[in-house]
């Protein structure tokens, strides 16, 4: 709660800068239009015009806010013009993808710490996989999955999982390896099996790491779901809103969709943070 | 059918070889440690080739690695031009600007807990903006050439580096800071002699994450407008022309360049943070 | 009922009104067809979807279809609802472009991803290099919209008579401020928006039968749309899942589209086809296709559908 | 060097060697170590840093593998003894799992060894009482002071009634007063249970106060330089440390230590 | 409690209080502390964990700010004394910067205080010799043993010739033999340089062996329960520890400690 005032201050500064930038960036168009119409404009006339353009270079904050309001509150949630409707479509792919990605990530991590061959061979390729431009292969994933009869939510979720498994692998490998030699030796003196070592030591010890990587992973999942929406013909979802906004030069619509996505990401991260607090407190690890 | 059987057999064979290798003394040597992932990679390629042939997947859906290799061999000049445009001009310049800016801003806000408390949550929010939405805006603002690509990269790498650097600047131990206080050292002396060195492992963590993001960012931005060269340009046009071998050639170059970039940063990290326990073997 | 999946070349808009009308008015149903219409977009290569089995029939432009055919994708044109091309190059007057002679040294925005062939062909006819060499034009890969023109990053951008041109106008630039070059007027027009299927499937009588029904119903839809443009636009609007299209824009688009479909009964016109092929073959140093294609179109379906 | 254990031999080392292969070449952690520990003895190991005390304890517990020589525990190999769960090991730091309560930590070995639920509860209650921690079972480790944590970790090692208790500098991190008290309690416990105890320490008074036998070691390579059988009685009040006998043994230990200590350690 | 320092007073505390505000309410780390330390004295602070030894040392070095009372150093506030670079502080752990060599670590305060390059080199060489670490200047801290690191950290505190040396359990992590030797050397150094030294320890023999004055503290709230002026001579061979006098002082210290020690520490 101590952070409210600083955040508000920073936001206020950003909004002020944003307005200034909007005036500055949109002014050219006003002058150009005046020149084309052979009229002169004064600065006092320019400023209000820069903040009320239909397709501004940079929409003013209140334009974005109004658009957000209009498309969140001003519509029935089942309407195709409602951002809630589109947000939910993206969110469902995000959640499915996140679940797949997290599961895969944890499985890989478990494999990596228990099998030296996997440890040596998977990690470099996991890194390499993240250097592949996802936007380039997303359409192919969709087409290939389509050709085996999978369409709808799943292909999007696969792309979303592709982006989210990596942080989970990295975090979980770290976490599962976080018990020190002494804690491991203790279990050896009990002659504990690998499974017991995993369930009683490695897994609980990895929880803080798991949550940290889940937060990164869920944000990546959302990006993946949005990317996955583009090559499905951008039918619906926040990705489709971004794309159609971009296609028709509706900058305000793009910005509104962008903010909706960021808000969704922040909410998801917040939810995971809350789960983390509850879990770690239950486990007695929160102080 | 025989191709599929071959793929399965090859896979099992390579798996067994790797398991054997990883238990043998060979992995103790540097070369041996590279051998295992190399075999793993070769296995992926061979299985891919065999499955594509076995299932007779059309080349316009997924070309076999052999076709991609052939395309790389015959298109080196084009690939090189694209690489220069996207990696050197777009990704690298954006990476340098973005990382430098992030470190400077981190140092600037480091003195103010107020700013940190305010800026970091907002920063995390901004970092969550999907790049596919930001890229068209930045292309509109900064034009079609590499400048807009660099701008996208700057936006992408800025926050991971910022967050890590801020965490790193707080990472020096209280005792180490107290030591500086007993010397009555001033802010800059403490920064240069203690807090920056202590922050290096964190900063490099950010730099490594950023290195995988940079090239992707530049490529994605090219999807939204570009001159008629560049890796992203080539990928998006060749998909439309069904030149899938060229698409995969570019993807291969991207993965190679991205991994190499990561490797270089990791090497520099070894040199700079040689003292950190994680780097001492 | 027979299931048919149609892959569009672009997002849901009046450009594809005929198909949406046929579905909405029950023309497909009358033929016993259950049609799924998949919208496209900048990241969708319809040919890939067709070859991957994600669709039975697709809407594509002839140049990219021929290029794909030369790449080994055996696709054939079975119908051609669009008679004329809607492509143009739209320039700002203030950039100093008044005629094609003025292009030299200017920056031109072009769509890539299979839509660049008509442009490249035109430039080679004009003798202008497009590879950035001296005395040619600078080519930009233009994004999805007309921003490069509005931001004055390009002297001219590619537009369609029915779509992007109006975005320029809507942005506040008057027609007097613009100079437009229609590909039709420049003699470089190529056939757009035809229906294509995989060649091998066509030898299956059952599939052929399905396509006959499909084309018949689709053409019925197109003619209905031409006669009732406003209602057609509303039908399109209802089918737009993104909720981004506006009524005004779609009605206007439908009006322009009707001009392009007028004069086609659905059958491919051979001279039109030949004109496109000649244009693509004569592409100068970098021809789009290297030899005259064989069997790239057929009247097999339209003959049965329209008589 | 040969020497005679008190009861029947529990741990026997003959010509024991243990060499670590490191990147800078081999490190001889133990060289020609001979020792006989009888049942119910309390043996302290003392010696400068790096002399191999920890290594020897770990070898007994089958956490390291000797490179030469013979090491038997109850006539078995250490590995077999470990499988038969003969060891309770107490590490230098308490090493409690932070996500388990004190009772949960003590229950950990019991769960792994498959004791019944009731039996688990009973034993946890018993050992908590033994180390004077009744009422703290539901607390988490970080809610306890260092000394209490160390007692909990001893309770954990006692819970499953291992025959042999191995303790590696268990009180190293505590202040002298707390240490004194824990020393007293450890002695009582040993008297009561008759376990065989191996105990590593850096403190001469601690070694002398606790042990029936003090093993002095010296480094590079780690070997035994002196084995001192203590003549002190079983009952040892804290002020036995001011007695003549005590000071004499302490002196002998100190001399032994100093002899084996090279200057730059 | 009043007491008389040996030389002219260097550190003077009167009615000193220091309270930390924590989320669980205030913690009284120091309460009504009165102490006079004369020039050239060697003062040890001993007491159970949490009694405020570290806090007192930190207050002298102006790393904490007293909430009441007066604390002066050379007649100045601690803050002013710190600005005039009056302190050499040695922390419990060596606290060397791992990215600097041993020489680089010792050079650190010299760089900050603006000594010339030549002077830096000279002083680094001198103190390395003083703590018997010649030849190790180019090594990194982790390449040295714990005892060597601790000596390096003492060298670092000595390099710039601060008037007052404050040492917080500098030898806590070392084994007894190394500790003995470093104690001897510290005494020699103190004899040679005549510095005023404040020294925190948990070890009674160490406190008695080193000090001219032993301050016994007790916790909750931290206060001074006893101040013992040592009658031992300046020259102290190691076996002075077996002398009558030594054992008597040690006994008095132990009694003072036990009095202030509550059971669950």
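By written order: A, B, C, D and E. Residues from 1 in each chain.
We take it that a contact is a pair of C-beta atoms (placed from the backbone, for glycine too) under 8 Å apart; a residue touches a chain by one contact, two chains touch by 3 or more.
None of the values given here were measured: they were computed from a predicted structure.
Peer 1: Give me the chains shared as neighbours by chain C and chain D.
Peer 2: A
Peer 1: Starting from the defined contact criterion, work out which chains touch chain B and chain D both, please.
Peer 2: Where chain B and chain D share a partner, that partner set is A, E.
Peer 1: Farthest from chain E by Cα centre, which chain is it? Let me know.
Peer 2: Result for max centroid distance from chain E is chain C.
Peer 1: For this structure, which two chains share the highest number of contact pairs?
Peer 2: Here the largest contact count links A-B.
Peer 1: Between chain A and chain E, what is the separation of their C-alpha centroids in Å?
Peer 2: Roughly 53 Å, centre to centre.
Peer 1: Please compute the C-alpha centroid of chain C, do the same for chain E, then give the distance between them in whole Å.
Peer 2: 86
Peer 1: Could you give the separation in Å between the centres of chain B and chain E, each centre being the mean of its C-alpha atoms?
Peer 2: It comes to 50 Å between the two C-alpha centres.
Peer 1: Which residue numbers or ranges of chain B touch two or more of the other chains?
Peer 2: Chain B, residues with two or more chain partners: 61, 136, 140, 223-224, 236, 239.
Peer 1: Provide the list of chain E residues touching at least two other chains, using ranges where the numbers run on.
Peer 2: In chain E, nothing touches at least two other chains.
Peer 1: Provide the list of chain A residues touching at least two other chains, using ranges where the numbers run on.
Peer 2: Expected reply: 57, 135, 139-140, 143-144, 147, 230, 246.
Peer 1: Considering every pair of chains, which are in touch?
Peer 2: A-B, A-C, A-D, B-C, B-E, D-E
Peer 1: List the residues on chain B that touch chain E in their complex, please.
Peer 2: Interface residues on chain B, with respect to chain E: 173, 175-176, 178-185, 189, 193-194, 197-198, 200, 273-277, 280.
Peer 1: In the complex of these two chains, what residues of chain D are touching chain A?
Peer 2: 58, 61-63, 82-83, 85, 87-89, 91-93, 95, 97-101, 108-109, 111-113, 140, 142, 160
Peer 1: Mind listing the chain A positions that touch chain D in their complex?
Peer 2: 182-183, 185-192, 196, 200-201, 204-205, 207, 283-285, 287
Peer 1: Taking the complex as given, what residues does chain C use to touch chain B?
Peer 2: 42-43, 45, 47-48, 51-52, 64, 67-68, 71-73, 112-116, 130-132, 138-144, 147-148, 151, 153
Peer 1: Can you list the chain B residues touching chain A in their complex?
Peer 2: 15, 18-19, 21-23, 27, 33, 36-37, 39-41, 44, 61-62, 114-119, 121-122, 124-134, 136-137, 140-141, 212, 215-216, 219-220, 223-224, 231-232, 235-236, 239, 244, 247, 250-251, 254-255, 257-259, 261-262
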